[in-house]
Each structure stands twice: as structure tokens, then as C-alpha cells.
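Next, two complexes with chain A in common: one pairs it with chain B, the other with chain C.
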Partner chain A sequence: MAIETILIINKSGGLIYQRNFSDTFASKLNSNDFLIIASTIHSVFAIASQITPKALQITQNNVDYVIPYIPMVGMESSNPQQNRNNNLPVKLGSFKGPDYFKESFVSWNKSGLRQLNSDQFTMYIYQTMTGLKFVALSSNVLANKPASQIGNMDKGKAQNLASQVADNFLRKIYCVYCDYVMKDPFYSLEMPIKSELFDKKVKQMVGNLS
Partner chain B sequence: MSRQQSINSNQTGASTITAQSPLNRSLRTTGEEIWKRSERINAELFTLTYGAIVSQLCTDYGRNFVQINEELFQMGYNIGVRLIEDFLARTALPRCSDLQETSEVISKCAFKIFLNISPKVINWSNNKDAFSLLIEDNPLSDFVELPMDAMDQLWYSNVLCGVLKGALEMVQLDCDISFVSDILRGDQQTELRIKLNKILKDEIPIGED
Partner chain C sequence: MEQQIIYPSTSDASFKNRSTGYEYTMGPKPSLPDEYMRSPLTSKLYSESLNTKKHEISLSAMTFLFQEMISQIHKNCQSLNDFETKLDKYGESIGMRLSELLNFRSSISPGTSSRTSTFLSSSPVVNTTSTNTNTNTNTSSSMNSQPGNGPNRSRANTGTSSKDTASSVSTKSNRTSTDRHIHHTQSQQAQHTQVESLTSQISKMRRRDLKIIDILQFVHGTLWSYLFNHVSDDLVKSSERNNEYMIIDNQPPLTQFISGSNNRISCDYFICGVIRGFLTNAGFRCKVSPHLMPKDNWDNRTVYLIQFDNQVLERETIRFGQS
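Presenting the complex of A and B:
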């Protein structure tokens, strides 16, 4: 899963962080466009939670909101070639490695928009209990891939898996956010994030993913 | 892993916990697991740093202890509104269904993860909208002895009230939080009172229900 852009939207719909990791969106959109996109996502998210058709609500009332833990998403790959001493714990800010968390978790985003598929890109949204939204735009398009490319999994399953990977990944971005943004004494709440350390960590994690 | 889980299930059976984390582990186990996987600092350094802050405040405010209490609360509040993100990122616990569950999460997870203590939840009000936390080994007040003039006014650990206030407000729980008694003041126990005023329903993020 290649991630093109990461957005963080605060609880009032303001864009507080935006980074492009390739030219796909950067060449077409300026920073003002991203501000508009952020508040549009915020609104569409709210609208989406209101307009789920009754038929779907009835047939899908047993939707499982538990996101299984997918090991080491976005982490430095633990391949044996690196010859790393496994007994040494990996330091990840205030988290003891090798990973930020180790268990499956329940998504806080129950009725809002979670995933948006288009011919050009896929968008994933992870919302926290405090109303913060972490958005990942990925160039991977699952919608029109022929079945042979996805293997024997059907399309729905592949989409589901991608969404779970994204949720795992975005929760880790949240972990990094709480370490490097929330614990930055010079950061004022709800304001744009200008932390270099945070930037670096996010970049690293996106790099590890592709 | 299977051995771990069998231990967990024993614990769940022994206690009367209703709240469950996604893996059906008890909150106590969740708290302990996460505490184990978090970096820590030396407890004495922490205690002494806090002591230094309080003593500096005493100098700055000319021993006006009412003002110092307020300042500590405000400092705590500012910590709390940020610390809650850390707590949620680590635990990813779902929203509590009632205050009873909230009290368990605060005592078994929050205090465990950040201070490595689990205060007892006591003194429930009749309509279940207020409870007390009985803090037995308050790490903030190790080595501390209050001078005579501070004994009946200063709430030495008032920062904790502020932290809880800020953190709970960020998850849309408007609470009143204050100390009722403190061993440092010569009381029998250290008791912290939490009273829920209202749930800020309008501020619950859309998409959560």
C-alpha cells in the first residue's frame, strides 16, 4: 500500500497537518485546496453517518468493529538480514518496541466514512474518541483490479484487508502524534503541526510501508 | 500467549468487572500490559521534580495556598487535555457505557499506566453520579511533609484533579474534581472526589454511535 498523502483534521474540521509523499496530489493541489478538502471530508463524514440506508442498517447490524492487529505495519521490517539483536528492545518514543501496540482494537468510527474508493485513489479515515481524524490517501486502487491480480481473495475481502491495514497504520500515526505533538510544550492545541520530529517519524513509517 | 490468556481469564472470573477490552481481557490486565510496554522515568526523580515545582509555586505566589491550588489545577488541566490522547492511543478502549465503567478505567488503566498505582473506587453516591478514588501510595507525595502554614489550605497533589478534569473533558465528560482529604494534611486517607455534571452530548464526535 503506497501512501501519497497524510492529512490530520482537528475536531472542528480544520486541517492541522498535511504531507505529500509523492507528486500524485502535490502537483495538482495547492495548500489551499487541501484546506478545502479537509473541511469537505469533515462534512461528508458527518453526512455519511446520517444517510446509511435503512436496508443496509438492517442487513449489516452485525458489522464487526474489531480491527485485528496486523503485525509490524509501517515498522522497520524485522528481516533476518539486518542482523539485529532481538533481545534489545526497540525504542519508539515512549513506547517499548518492537511495535506500538500488540492487540486488536475496536474502531471508534462506527457510522462515519471509513474508506472511499475511486478509480484514481483510495482514502482511509481513522477517527479518534476526541474527534481527531487521520486521513490517508493511497494510490492503490482495488476497485478495478482484475481478480487474477488479487489472487483468490474476492474484491470485498481485499478491500476489507486494506482498510484494516490502514486502520492499524493510522493508529500508529496517532501514537506518534501523541508522543511528538501532544508532548511538545510549544505546540498549541488545534493549531497546525510544525514539529520536525513528527514529520520525520511519519515519513519513516510511510517509507516502511511501501 | 495461551498461558497468558488463561491467567487473564482467572482474573476476570475472580473480580466483578463488567467492562471488557476488545480481546475480552480485564481492564486490570490491559492496564498492566500497557504499563509494561511504556517507557518510564525514575520514580524518585519524578517525585522530587514535582516537589520542586510546588515549592517554587509557594515562593512565586507568596504562600497564597488558595492560588497555588488553582495554579496546580490549571497545570494539571493543560496536561490532561493532552495526556488523554496518549491514553487513547495506547489503549484504544471503546467509550464507557456508564460512570461505573469509567471509574474502573480510571483506576485500573489510567492510574496504572501513568503512575503505576490503582486507587480503590469507593463512596459511590446514591444516584451513581459521583465516586471517590482512594489513593493509597501517592507517588507525588513521597518524602513530603507539609509546613504548618500549608497544612489546612494546600492540596499538595491538586495537579491530579486538573489532569482528570482535562482528560475527562476531552472525552466529553464534564466533571467536578477535588480532593476531600489528604494524608499530608493529617487525614486518615487520601481521597479524591469525582462528580459527573453532564455528558457533553453535542461534542461527541459524529460517527461514533
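Presenting the complex of A and C:
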């Protein structure tokens, strides 16, 4: 999964962070466009949570919101043997251990938008408990892929898996955000993120993913 | 046996449990007679032994606290210089305390450290049972009303037939009650031996370091491992100036989340303050300043430059000769 762009939208719909990781998007859109995209995503998200079908709302309890943990998504060494050779403990800020988290988690994004597929890209949204949204635009388009590439799984399953990977990945971005943005005394809440440390870490993670 | 009104500064669970709180079936209780039974200190902070095991605290919590401290100072400061001085002052007060505490802790002989956990865990339940047995013996002794022949004979004259004073236990004590009493004092003694103080583990206080190198070694090793759980990465003497020494930390944990190298280095004045307070309290007046010196993979590598006052150097040459 190649990530093109990562957006962070605060709880009032403002864009606080945006980075392109390849040239395909960056050349076409300027920063103003991204601001518009961010607030549009925010409103569509709000609308989507309103038009969730009644039937789904009633049977809410039956829907499984638990996202399984997918090991080492976007981490330094997806290969454990390589890690053993290095023998260096991985430093993850205030997080202990080789990975940011090690268990499945419940998605807080219960009524809004989670995934948007188009011919050009796929968009994944991870919402935090406080209403912060992490948006990843991926160039991978599952719908167009021939069945041979996906393997034995049918399309629905593959999409589901991609969404779970994205959720895992964006949750890790959230962890990095908690460290390098929230613990920065010079950051003011709800304002654009200018921390170069955060930038570096996110870039590193996206690089590990692809 | 006298009632022990002033308790040692302990806050064991048994002390806390004695106050049962508001009993709604009885209404408000008269609090006065019960007051002394209660431990005045509920916080564990005061009762903890000075030589407790390593406390690890969450880095997240610590950095959040640090972040709040910094933004608080940042709000109230006009200039950068002002900001750094204030942060330095905060650290200094910690360093001054640490110079006493760490010297004390390193005086404790290493073999006995395991015993310290039992230091305050001995239960003073004996006290409650003692009051009970006191009343028991009181009644029994008044029933028998025999003059005491035991070792408490001398005290028999003082307490004259009053049933309710505590001393009456010993006045009209028959054989059994004196036995009990003796048993009592024994248990009391046992309790006292249990609650032994930390000082018994110190055979000899560690002498304060007098040489610059020694005190810096102490900072580099003991202070750093107390603060960050590892010794500092390097301790270097400046080749150019005689009074300059450097302590190097490859990755300062406290300021690792702060973006902007200039901002981060300003925040490192806190650690500088700790070092300065420590050294100043130990009799080495100095100035400490942080410098960012990235090297290899360490982008945050920070050098704490310590500049001693001239008087410190002069003293050193007088005391120890040219070294």
C-alpha cells in the first residue's frame, strides 16, 4: 500500500497537517485545495454519520468494530530476523517495545466514513475518540486489480484487509502524534502542526510501509 | 504502659483502617477521643523509607508535566534569557535536594538494601490489642483485689485503686496480669526492633566528594542513573580551559519530543539547573549551559558544559596540590 498523502483534520474541520509523499498529488493540488478537501471530508463525514441506515443503528450491537492487530505495520523492520542482527532496542518515544501497540482495538469511527474507493485512489479515515481525523490517501485501487493479484481472497475480503491495515497504520500515526505533537510545549492546540520531529517520524513510517 | 500519643510517622494500612469514617446509622461521631488513634499522615510520601527501591514513572506522564511546566514559564517570561534562568532555578531546587539524598543513599551498605522493604511494614496492631488486654486485666484485677507483689510493686502506691487509669493495670496486678504485662512489654519491644530505622544500616556516612573529578564522577554515574536510569554517555574535560568539563547525553529523554533544536536546547536548561544545584550544594560553584552537538546517529546529542568558578580551582590546588 503506497501512501500518497496524509491529512490530519482537527475536530472542527480544519486541516492541521498535510504531507505528500509522492509527486502525483502534490503537483495537482495546492495548499488551498487541501484545505477545501479537509473541510469537505469533515462535512461528508458528519453527513454520513447522520444518514446511517436505521436498521444498522438498531442492530449496532451486532456490528463488530474490533480491528485486529496487524503486526509491525509501518515499523522499521518487518523482518524479525533483521532486528535480531541489529540487536539495538527500538526507541519509540514514550512507547515501549518493538511496536506501538500489540493488541486489537475498537474503532471509534462507528457511524461515519471509513473508506472511500475511487478509480484513482482509496481514502482511509481513522477517527480518534476526540474527533481528530487521520486521513490517508492511497494510490492502490483494489477495485481495478485483477483477481490473480489479490489471490484467493475475494474483493470484499481484500478491501476489508486493506482497511484494517490502514487503521493499524493510522493508529500508529496517532501514537506518533501523541508523542511529538501533544508533548511539545510550543504547540498550540488545534493549530497547524509545524513540528519537524513529527514530520520526520511520519515520513519514516510511510517509507517503511511501501 | 503509657499510651503512645505521638505515633512514628507511619501510615500503614492498619492505621488507616482504624478510622471507620462516617457511620450513617449512628450519626456523627464525637471525633475528639478518637483523634489520636488516627494517623495524622495518610500520604505514603512521608512514611516511605529514604532508601526505597527504584521508582519508575511513566515517561509520558513526566513529559506532559514537563511540557506544562515549560508552557507555564513560557507564558510568564518576556525574554529568552528570563525563560532559561527560571527553568534553571526550577532544576536547581531539585539538584540541591538530590545532593543530600543521593549521598545518603550511597552511604547505605549494599548488602542490607533488601531489608529496607520491611522497614515500615511491621504492623502496629499490637497497640489495639494492648488496650483490650488492659481493660481485661483491669476488671480481673479489681475482682481479685490483691495487692501486687510483682516487679511493679514500686508503682503500686502511685495508682490508688482507680479502675480507669491505665496505670491501674500494674497496681493491682496479680500473677497472671503481671505475666501478661511482661508479655506485653516483650511484644512491644519486638515491635520496636521490627521498626528499626534506616540509620542502623549505615555503618559509616559516605564522605562528601572534595575533588572536582570525584564529584563529577558522582554526577555522571549516580545522579544520572537516579534521574534517567543510565549513566551519562560521556564525561569529558575541556582541553582548552582548565575549569570546563562536559557531561554528554546522547538522547536527553525529557526534551526528546520538543521540536526545533533551539527550543529544545532552551528546555535543557532544566537539567542544567539540576546539575548546577547539585554541584553548588556540594560546594562547587559553577555555571552550566547546554549545547547541541549532533554526532553520528544522535541528532539530539546534548553537551552540558560545566564551568567552575575560579575559587573552586584555587581551592583544589591548595588542598590537593597540582593535579
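Here is the rule we go by: the second predicted complex is superposed on the first by the 190 of 210 C-alpha atoms of A that agree within 3 Å, B and C clash if a C-alpha of one lies under 4 Å from a C-alpha of the other, contacts with A are read in each partner's own complex, and residues count from 1 in each chain.
In this section, contacts are C-beta pairs under 8 Å (C-beta built on N, C-alpha and C of every residue); 3 or more make two chains touch, one makes a residue touch a chain.
Since we're looking at a predicted model, the values are computed, not measured.
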A:46 touches, of chain B and chain C: first, second, both or neither? first
Partner chain(s) touched by A:175 [first = chain B, second = chain C, both, neither]: first
First (chain B), second (chain C), both or neither touched by A:194: second
First, second, both or neither for A:34, with chain B first and chain C second: neither
If touched residues of chain A are counted for chain B and for chain C, the larger one: B
Contacts of A:110 with chain B and chain C, given as first, second, both or neither: first
Which of chain B and chain C A:183 touches, first, second, both or neither: both
Common interface positions of chain A, toward chain B and toward chain C: 91, 93-94, 179, 182-183
Interface residues, chain B side, partner chain A - complex: 21-23, 33, 36-39, 81-86, 88-90, 92, 94-95, 170-171, 203, 205-209
Chain A to chain C touching residues, read off their complex: 91, 93-94, 179-180, 182-187, 194-198
List of chain C residues in touch with chain A within their complex: 58-60, 63-64, 66-68, 70-71, 74, 251, 256-260, 263, 267
In the complex, chain A residues that touch chain B: 11, 45-46, 48-49, 66, 91, 93-96, 100-106, 108-113, 127-132, 171, 174-175, 177-179, 182-183, 189
